[in-house]
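Paired with chain B in one complex and with chain C in the other, chain A is shared by the two complexes that follow.
Entry: the complex of A and B
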């Protein structure tokens, strides 16, 4: 175990300085942090929160230890921001689907250059110098990820504590179906319905399936996803492979494994 | 073994008697499938269930359990207590009882018994229930279609009656108090013989019976078949989640949100999980899905046999249904049939 602090002994002098930065996103993941109201004071007691636009207008300091980044990189300005954060921070945490997979903004990545003209006659300067949307991890090295759309508050705190104190927890890249079996929920494929759990990184406990909805892949393709085998499974269970491929585009448009196939 | 006969109508009163002193878990219907769950009334039990998504393993080895609570400030353990609920697993099929017997070998009967497992096992009564094989069942191949021990009562359906095998005094007393158990008549003994034969003959004989599969696996360890079989693995670990005998676990520390106190947890792990064999320094000694699947099959059909003289697979067929890539022990058996045919040419 390694980390910044000794658990239980954090004080203002030793607490790591943390900044939170939002890029192209709906800000839902930052809201998820504030939604952890019952734990918020506990969490703030373990860090020195030096910058967070959602909480204070104080400008970003020059020095900090941990950078938490939400959102996809969609402009040259945000790309520069991410590079600067990487340079200054010891640890960089990407939170949410937009930051970890390019998420919803990533859907526009294909044929990106033509897209602004579909929306604007003249692109407003407020948009910045737009570039094809990409994940934070495709611009700089990311040390820790909190996946999902939006992130789970407890999951976020858990990752933050990994950074603060170190951890003996394995980060598993297994796909989702095992969690459904642990939950003993009926499989959508048995009903001829598509579910992206076959290829999506596990870790959320298959929340959506527990609530009766198929997985839409917001945690991103697992690096161990077996796309050819998943497509064969779709065929075997009477689910159109084209539907599978299309559904993957929502959160995995910029995934290297998918891109490599095309 | 002591045998008695009760009428089917007496079953609710037996269940109710258990419910007085125990939490009773039994097969119930949920969203088109069956699962073992806590019942509030004997009517909820689905006696004719085929199989359940996951197995009663979860009551002895929970998917997630706290081993101890700690206080990081004191750098010490604050609590070792495991949550133990006196429980009856009601309606377990023979395969699942044989699976529990295998878990007992690992967690209870070894040189270092697991205190958490043993405490749960000691507080658990098992009431078995006879069944007829489904298309995915192959328990008979591993001699697991009959439970010879490991239960407190076993209910063999013989028409509108049950022939009850009695395995413990505790359960015998409850049976005695709640039902009118009587000596079996000759007719009932013949009925028992008849249903047993019918069960034995009802297995799908298209599933190959290869008793020397363990030895063959030693001989064909490097056959390209293993790449072919495991190449389709989706790395989801559904197989081990539904398996009644998969017992691998991981241990991890989780802080409470205040970062001062926390818990040491044991969670189910799986050898088909990509990071299962990842060690310090970043080396993964089973880096591909095919290697992991081969390893799992060898533990089920080869390695455990060498150590414990029985297969770790009990042929319950759950993985046959759970694996979306069609990977299961039946495929291994079929491979050796094909291999035999090739050699004959």
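Entry: the complex of A and C
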């Protein structure tokens, strides 16, 4: 993230032209955009949705202002796509865990070259030139992020509004644990169960924990996370540290903070 | 010699990335290829060595819209390995979750993806201008599917609450009753949807491939059974035998593995049309009436009728879910609680099987004694459909060329056929 607010588009005479592009992903975050039914048409009224392959057969235009990217970069072709988008767009928004942390596809980053043969006897040429999965932000500068797997629809609309109006609202990077205190939900560690809330970036309101399921870390490792202290907490509560480390890989396999430790 | 090459790069209004190549020489259709270029994420490799609890959560990310089905499929495989018997209440909730994704998928596919083909617009946004009332109702139906998944699973896709042995959270009886009211109120529009899609003219072709669907005595099953049937070959098998019954194979132009019936070598179709052909007589009352009125009776071999079949399933899903919600609202509606039952991990191998919105999905899992994955193979609906779709595209192109249709007509009709299959290319390459 650049850390600076980009000027908004509201001073322009024409609506900003927006393109939506999907890379390696489940398409779930694009679906979450369409799930904004009651708000969606209000938001779309403020932009010129120039290209959205999921919803329209119009081709990708040559010029646009905002690029919304879903998915991880897993081929040389998609890496080139991301660079081309960065070059043309004033603002680039990465949405979802795949685009922001390499997410679930990132799990395959370790020993990547050995993996295709687990699935294919002979890798089809249609697979393209595969490269180890990486986030969009590790290839080009990203201006705004919408985290989570999948993104929350309202969260997405909030970020899009900030892009359109040039808001300089800062993004909180604190960890999730505080949210559970506020929600008054019991801690899983007290029951000897692993939860990644103690190192994961907050912002979802601890949605999963509220529904009785430990955090899987889909918003990515918080810059405030204290990994050595978290491992100590695991030991204190009888949770195997190896389980904690393996669970972290699910959404942070390519995180350099983790890689630096190894 | 005249040679016509039709390339459709990046077919729009489907889930995922795919191109079509058709080559016609001197009036003879030579090449027909469905070029699936979705990036391979290698799920079968990434789950190796991971703990069983994580598998449904990870595999759910194969596909957003089919996420509930991938979760339930893995839960079934894991529970079969561990010998877990879930309660009737848990089974009812899983059924709601799967049906919720039917409402989401079918409403999105029919109205956002397919309708523009028939009303001659490029996107759904133009439909918003030409027929806003229809779009409003269609989005309402999709929103109801989202609400059902959110109430049962915790969010509209990638459910949170469904875990090995049961559910971590449930809504109140009052919320179930409210849902039932909303579901019942939507049946009328779903019936109109069947009429609408029946009124769209489609080419009259008959697939030469087989069809596969889940079957169960006296029931229209979506997740409750472990038995699959090839309708044409008349072969019925337990999901655990899927590797012996289905042959997966790779072709250079598709990142998705293709599939055919091992015994007959025939490609086959999975999805709403296959289900209706298999279990027509067990559709809900209004769904059956709507199907009869639309003239859809088994055996229906025209793949274009998959759109109508999906509309009929909307009626069926709404009625069935309303009934489930009413029963869930009663204190003694179902035996047992949905709270996860206790269990112990053990080694073994089993195949989970459900009917996702786009068709049958199989997850073959082998776990070690600590419940970690030793081997995984996942066969998704669209991977099974690619070979049959190619065969049908060839059939259609040959028909159109013989009738003297021009290149544009061939292109438009093929795109329409691809969309009638409702392919999920992100599922197909996983």
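To be clear about the criterion, the second predicted complex is superposed on the first by the 248 of 262 C-alpha atoms of A that agree within 3 Å, B and C clash if a C-alpha of one lies under 4 Å from a C-alpha of the other, contacts with A are read in each partner's own complex, and residues count from 1 in each chain.
Assume contacts are C-beta pairs under 8 Å (C-beta built on N, C-alpha and C of every residue); 3 or more make two chains touch, one makes a residue touch a chain.
All of these numbers come straight from a predicted model, not from anything done at the bench.
Who does A:233 touch here: chain B (first), chain C (second), both, or neither?
Once the two structures are laid over each other on A, A:233 reaches chain B alone.
Contacts for A:124 in the overlay, against chain B (first) and chain C (second): which applies, first, second, both or neither?
second
Can A:173 be said to touch chain B (first), chain C (second), both, or neither?
Touch status of A:173: first partner only.
Go through the superposed model and pick first if A:24 touches only chain B, second if only chain C, both, or neither.
second
Where on chain A do the contacts from chain B and from chain C line up?
Looking at chain A, the two contact sets are disjoint.
Any idea which chain B residues touch chain A in the complex?
30-33, 35, 52-54, 63, 71-73, 231-238, 240-242, 250-262, 268, 270, 272-275, 278, 289, 322, 324-326
Please give the residue numbers of chain A that touch chain C in the complex, ascending.
22-32, 34-35, 37-38, 41, 44, 49, 52-58, 71, 74-75, 78, 103-105, 107-108, 115-116, 118-122, 124-128, 130, 133, 149-150, 207-208, 211-213, 216, 243, 246-247, 250
Could you pull out which chain C residues touch chain A in their complex?
10-13, 15-17, 35-37, 39-42, 44-46, 48, 50-51, 54, 57-58, 61-65, 67, 108, 112, 116, 122-125, 128, 139-140, 142-143, 146, 154-158, 160-161, 163, 168-169, 250-255, 257, 415, 426, 429
Within the complex, which stretch of chain A touches chain B?
6-10, 36, 39, 42-43, 45-46, 154, 157-158, 161, 164-165, 167-182, 184-187, 189-190, 197-199, 202, 222-226, 229-230, 232-233, 236-237
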